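Per-chain residue numbering starts at 1, and chain names A, B, C and D are given in the order in which the chains are listed.
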Amino acid sequence: MITKLDLRNFYIAPDAPWKLRWDGAVLAGAVLATVLAPLNLAFDFSDSVFFLLVDIGITLLFIADIIILFHTAYVDKRRLVTDKKCIRMRYLKGWFWLDLFAAVPFFLFAGPAYLTINRVARFARITRILKLISGARVIGRLKKTKINPNVMRLALMIFWLLLAAHIIATGMILVGGVPADLPDGMRYLQAFYWTVTTLATVGYGDITPDRNNPLQLLFTIITQFIGVGMYGFIIGNISTVIANIDIAKSQYREKMERINTFLKYRNIPHDLTKRINDYYDYLWESRRGYDESSVVDELPFSLKIQVSQELHRDIITKVPLFKGANHSFIRDIILNLRPVVYTPGDYIVRKGELGEEMYFISRGAVDVVSEDESVIYATLQEGAFFGEIALLLSSPRNATIKAREYCDLYSLDKRTFEKILEKYPDFAKEVAKMAEQRRKETEAAAKKKKS
Amino acid sequence: MITKLDLRNFYIAPDAPWKLRWDGAVLAGAVLATVLAPLNLAFDFSDSVFFLLVDIGITLLFIADIIILFHTAYVDKRRLVTDKKCIRMRYLKGWFWLDLFAAVPFFLFAGPAYLTINRVARFARITRILKLISGARVIGRLKKTKINPNVMRLALMIFWLLLAAHIIATGMILVGGVPADLPDGMRYLQAFYWTVTTLATVGYGDITPDRNNPLQLLFTIITQFIGVGMYGFIIGNISTVIANIDIAKSQYREKMERINTFLKYRNIPHDLTKRINDYYDYLWESRRGYDESSVVDELPFSLKIQVSQELHRDIITKVPLFKGANHSFIRDIILNLRPVVYTPGDYIVRKGELGEEMYFISRGAVDVVSEDESVIYATLQEGAFFGEIALLLSSPRNATIKAREYCDLYSLDKRTFEKILEKYPDFAKEVAKMAEQRRKETEAAAKKKKS
Amino acid sequence: MITKLDLRNFYIAPDAPWKLRWDGAVLAGAVLATVLAPLNLAFDFSDSVFFLLVDIGITLLFIADIIILFHTAYVDKRRLVTDKKCIRMRYLKGWFWLDLFAAVPFFLFAGPAYLTINRVARFARITRILKLISGARVIGRLKKTKINPNVMRLALMIFWLLLAAHIIATGMILVGGVPADLPDGMRYLQAFYWTVTTLATVGYGDITPDRNNPLQLLFTIITQFIGVGMYGFIIGNISTVIANIDIAKSQYREKMERINTFLKYRNIPHDLTKRINDYYDYLWESRRGYDESSVVDELPFSLKIQVSQELHRDIITKVPLFKGANHSFIRDIILNLRPVVYTPGDYIVRKGELGEEMYFISRGAVDVVSEDESVIYATLQEGAFFGEIALLLSSPRNATIKAREYCDLYSLDKRTFEKILEKYPDFAKEVAKMAEQRRKETEAAAKKKKS
Amino acid sequence: MITKLDLRNFYIAPDAPWKLRWDGAVLAGAVLATVLAPLNLAFDFSDSVFFLLVDIGITLLFIADIIILFHTAYVDKRRLVTDKKCIRMRYLKGWFWLDLFAAVPFFLFAGPAYLTINRVARFARITRILKLISGARVIGRLKKTKINPNVMRLALMIFWLLLAAHIIATGMILVGGVPADLPDGMRYLQAFYWTVTTLATVGYGDITPDRNNPLQLLFTIITQFIGVGMYGFIIGNISTVIANIDIAKSQYREKMERINTFLKYRNIPHDLTKRINDYYDYLWESRRGYDESSVVDELPFSLKIQVSQELHRDIITKVPLFKGANHSFIRDIILNLRPVVYTPGDYIVRKGELGEEMYFISRGAVDVVSEDESVIYATLQEGAFFGEIALLLSSPRNATIKAREYCDLYSLDKRTFEKILEKYPDFAKEVAKMAEQRRKETEAAAKKKKS
């Protein structure tokens, strides 16, 4: 809506795509600073022009970030706050000081390597690690993406571990735990090797602190403590990830164990036990062990209608009985369908029994069979329906219908149908006519049969 | 149905027994290739005829597997897809490229040991490990077998660990971490010993990487990282297995703790607390702490009927009252029985109280006792029933009946019985007659007593 | 009932106190055998008379146990099976062969130390460890005792770990991993020290296998694998124990977090939030966060009555209204009391409101206050009741009653009372009389007031 | 109430602020004693005046604590027990003996360093560690504070670990595991370094027990066992903490997985699936995935009313219809509001449909739109209401209303409204009048429109 840059009302949307990319860049800068600052402390890159340029770049990035953050709106209780004052207050009370510290242009103070100020500046630059903390907020937003949260969690864990190991390794070089006469790269590698060996609690003992150097001993003690904590953290995370993967499965398994204990205690024969287990396997595969209504019933009304219509619309409009019914009648019917599951071989309808429901096949196939089950008259597939006469008349079923495989049917019983009809008097009259006609037909057929 | 081999419609069923065995063979081949490829890289078996033969065998196996997979139907949403085109597309989009890579006949390129091409071929053969990934799908199918999933999980874990240790050990030989002047077997054993010592984080330090060899240091660092991850994986798995075993038990224990806290807070006397705990122990042993209806009610209608009939048929048909009732009446009765549990010493029926239910003994024994409980008239066992007069007449109970041990009874109350009777008018008349006759008998008995 | 020893029907009850003690003795023997057999293999005690005597003792114990087990009845589905044949078949199909193996009198075969037969017998005796498995069943029975299952679990874990460490230590001596020139005790201690150092993955590296001894390398590899598994087992167990302790508490905490999120989202003021948290704290302390009805309602009828009577009998009989009511009327009243909790300061009854319930104080104290709450007329304590007129007449309350502290009350509303009365026509008449009298009194009082 | 110090009835409140501070001081003293006692044993501070003064101070503190505890009331089942005898009995049966032992003035017995009595006293002083156990009760009380229980748990864990490491380190010095010729500080640092290296299972092997010193071997074995246990404890705790953080989230994730499995199985189109996921995201953010009624319904009546009034009072009193209604009528209305959630774009009311509910907007905004949705007549915000005519007349809606964003509405349907009215006959008459007037207005409007 805003075309001219109106500085008073100007604000940056926190979820603008370029803002997300910028935050990513700042995080990358923070990681780079976290890697370089301790390295610089251990090996002094003061004379390296390349390092100087990188350092200036990071500083400028951090300064620019502070300016941007002073203009970035934020979300509070699902509402975007764009008021300048609120934004400023919130930032000043929050991450501002951390960000400010990290944005100090340390390179200005760092004279040649032999000056004390250089050493101090190198130490001070360590504070840049703090920017990582404020920069890490962007990761929280990544969590909302489609990445599997367990993979995300493990990747982050490895990232933090490597960063920590890097810092500890440079620390080991600083306390003199590695021979000073080696080239820098080798010293770093040995220090990193020692760090990993210690954090992983392998502890070969080929590189150990000098027994008589208290500083090295203390540093090693602290590193080992960190190692123990890390181990706990890693194992805790992996355990939780494994347990999370399992949570639904193990609840399901626990339920099956309970049911089987009961069936065994009651001496239920083996084949029935198997059928029950098969049924639950089916439920697990198709809907993680819960039945349909528990999923749909929890939705708010508007979503429930949409899901139900998605599931049933095609079927409903096919039924001749419902031709001419208006939109809201169809909706009421759809909302009152009851999901039922039949296992292979189950009788859904038996010839001669008094019918009170009609059925819609949502998934699976059923066989219409003769009374002695020797002949299969027809096989009804998904989208078919049967028993609709039951809604009009209380007449005996005129065929036996058996489930051929696992079937998800929806049933609609006479009483519900009549209750809905009451709300639509015009359509009710039409239905009454149809019923009357049907009755006459049936009677005629019966007479014919008799005669 | 297909007798002649019709090549157009020919397909392999994915769950054919021979297919499962074939998949097992391919998996075995993949494991063998995974074991041999790194070994060959470390020790060069190019001159061994035995190795060449095995290698050719594995290659042929993998080629045959590709051909077979191009003809194997697959299951999508519980439906078998046998269409050639679908099968082909699915395989090409899926594991095909991995399988193709693994089936390259590397042995053709491997000249004598002193040629570079030999070394390249040995490296390239490492890619065979990939076949393991596609071959591992067969394990997923094994999971559906009767093997305890926890045992399965631990066995698989050990299998993967050993394979990984094998590969790392050959890597250690490659980077020269083991003296070159030892015999091959001893070199492998030392390398494997070092690997296990490192992965298990024991780290004796008797074999360590050369401090001044960056390659060995890096290899060790990576191995240690793998070791930490493995540890987490092992511990996470074992923890989950242990927790899974416990999930039902600890929920039960938590429930008991809650109940006992309440009983204690309310100063319920010790012996009543004990009886309540005994009752829950009984529930736990016989049905993992849940009551029967919660198990049966969740089943779909057809299975519910079968389980109920299995539980009650024998009993129902014995009742004189139900003689002459038709099949579906019996079914309705069975579905409306209510399970009740009595603890030892409980009164089920007291002489003189107005009875409204009849009872069927499903498990346990009850005593028919005199009013002052001094005499035991009879003991009724499993399969017996009592109180059936209550369904006909509202007369006072003529005996006291006490539970002798934990009893699982089923009760049927008068109101339910009458509601079912309404649906069977013919049988209802018969029952009315029986009731009338009974009333007369009772009155006659009463008169006799009076006079 | 059996006084004379009838050998045909003689059997040993599996839970006889002396049998439990005997099983404990057998287990102790098995542990002793498990400790001694590997030690004997490592150090050869063949010449020690003391060891011979102990060995004979253990053998006799195991033989006696077999005989006893052939006469011990067992429990199947909560029924004691005393039939000789069944007992015999079950034992022969079960632990018999293990027990038989362990009971072989190896000491008969063990000649002097320089004979091969001696060495073989020493190896064979290792099989005695198997007796530990069958003996360990007695531990399962211990689990039913009052010992905290978590403590039990940790104690058992330590016991098995120590046994395993012992066996591994003797193995290390056997493969020659410890200098042979040391005294036996020192050799064992060093081997045990090495074992613990390895299993605990500390791995100092002061005692390591000979790099060129394949047997020692293999033994160490296996030991390390065992170590990893043990670690996983220990940590898994401890994690589960810690998690089990927490299961109820963390569910409760999760619930509170959910409620507080909601209250915060809805801007509920702080003091109301605090009151709600206090209320749940109270629920947690008194009944682990669940309300009373959920505990009582799950009990079977007979236990429910007993618990309810225990809770209310004293109170009910004190109410003048219920004097003269018979036993089963009181029982019906008790079963229909509804528990309600009031938090400090809540109004239970307000002057002038139409009353429909009477209340019984089960715990806590309430104040009867004047309409402006300035005067406290009385404080009712546990066991008191009020509002009983509401059961007779629909008259306005004549006092305001406030909860002074957290109160567990039971309420009985008019409708329930009248429904129960219907079943007791005699008592109903009496109540009607009382109501009539009361009405007159009230009217009289009203007239008096007016005049 | 007590102004004069009445020694007979004098007692100390267990939760008095100064008492809490005193307990903190005693705990600090106990920690100091735990740190000093083993140090004194290892290095003998008998000649240090500073140590003597600290020791006397601690002893006096402990003696004073005993005296105070004899006068401190305690809480039993939420009641304060102030009876002298009860307090005394409880303390004597409880921590008294531990406290007494810790309060022995050991410094009286400790002569110069060369005397045996000195050594004995130094050993005996170790018992002071026991005071830590009784002193630790104060930590339990800290747990009730606002500190995050997970942070608390980890902090305590680190505290206990450091204490244990300290004691083990002094033990290592005592058994001579550290060179005796070093200065005391260095000896302690090396011993502590060895302890941490061992407990963390790093085990460099630069400091190891003397292989031929059984005492050192045994001490190391025990330390390693403790290390394993500690590791399990640490990892178990961290795992539990991580799992606890996740418990709600992972249940929610599991539920979403279940729902999505079902939606996918049923081929629900992508955009509907997304809407459903968005809805649950909204539920999660605003109320941790549970709907409002499940939170409010669990509260006891008095709190429920207060929460409901807090949520609705402002809205209700605004409705013209309810003007003139008395307090308890409003309360009944508030208690019968039903929360409903609408997702953006949902139709709440459609023009022409028969209305039966009125709505109150609690959060979010709705649009009043024309029938073809092209014009937005108005936007209603939080605190607004609509559809109130539906409570009076069954007339068709005269506008279409759509949710603009996620809306938390409350609905009140006609039937509920009428049921409540029955209890307030006076107000019912007024409402009837309003309805009559409204009907006339509507009819007049309809006539006008027609003409």
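Simple rule for what comes next: a contact is a pair of C-beta atoms (placed from the backbone, for glycine too) under 8 Å apart; a residue touches a chain by one contact, two chains touch by 3 or more.
Remember, it's a predicted structure, so these values are computed and weren't measured experimentally.
Engineer: Using the touch definition from the top, list the chains contacting both subunit A and subunit B.
Structural biologist: Chains that touch both subunit A and subunit B, as defined above, are C, D.
Engineer: Compare the CA centroid of subunit C with every other chain's and tell me the farthest one.
Structural biologist: A
Engineer: Subunit C and subunit D share one sequence, so how far apart are they rotationally when you fit their Cα atoms? Give it in degrees, rounded to a multiple of 5.
Structural biologist: That pair's rotation angle lands at 90 degrees.
Engineer: With centres defined as the mean C-alpha position, give me the subunit A-subunit D separation in Å.
Structural biologist: The mean C-alpha positions of subunit A and subunit D differ by 26 Å.
Engineer: Quick check: how many Å separate the C-alpha centres of subunit B and subunit D?
Structural biologist: It comes to 37 Å between the two C-alpha centres.
Engineer: Nearest whole angstrom, what separates the Cα centre of subunit B from the Cα centre of subunit C?
Structural biologist: 26
Engineer: Identify all positions of subunit A at which a residue touches two or more other chains, and write them in rising order.
Structural biologist: Each of 201-205, 231, 235, 237, 239, 243, 265, 286 in subunit A touches at least two other chains.
Engineer: So that we know how the chains sit together, what is the shape of their touch graph: line, ring, star, complete or other?
Structural biologist: The chain contacts form a complete graph, every chain touching every other.
Engineer: For subunit D, which residues are in contact with subunit C within the complex?
Structural biologist: Within the complex, subunit D touches subunit C at residues 78, 149, 198, 201-205, 208-209, 211-212, 214, 217-218, 220-221, 224-225, 227-229, 231-233, 235-237, 239-240, 243-244, 247-248, 286-290, 292, 295, 299-303, 306-307, 310-311, 328.
Engineer: Would you pull the subunit D residues touching subunit A in the complex into a rising list?
Structural biologist: Those residues of subunit D that touch subunit A are 185-186, 189-190, 192-193, 196-197, 199-207, 231, 234-235, 237-239, 241-243, 246, 250-251, 253-254, 257-259, 261-263, 265-266, 268-269, 272, 275-276, 279, 285-286, 340-343, 346-347, 353, 405-406.
Engineer: Of all residues in subunit D, which touch subunit B in the complex?
Structural biologist: Answer in residue numbers: 77, 201-205, 235, 239, 265.
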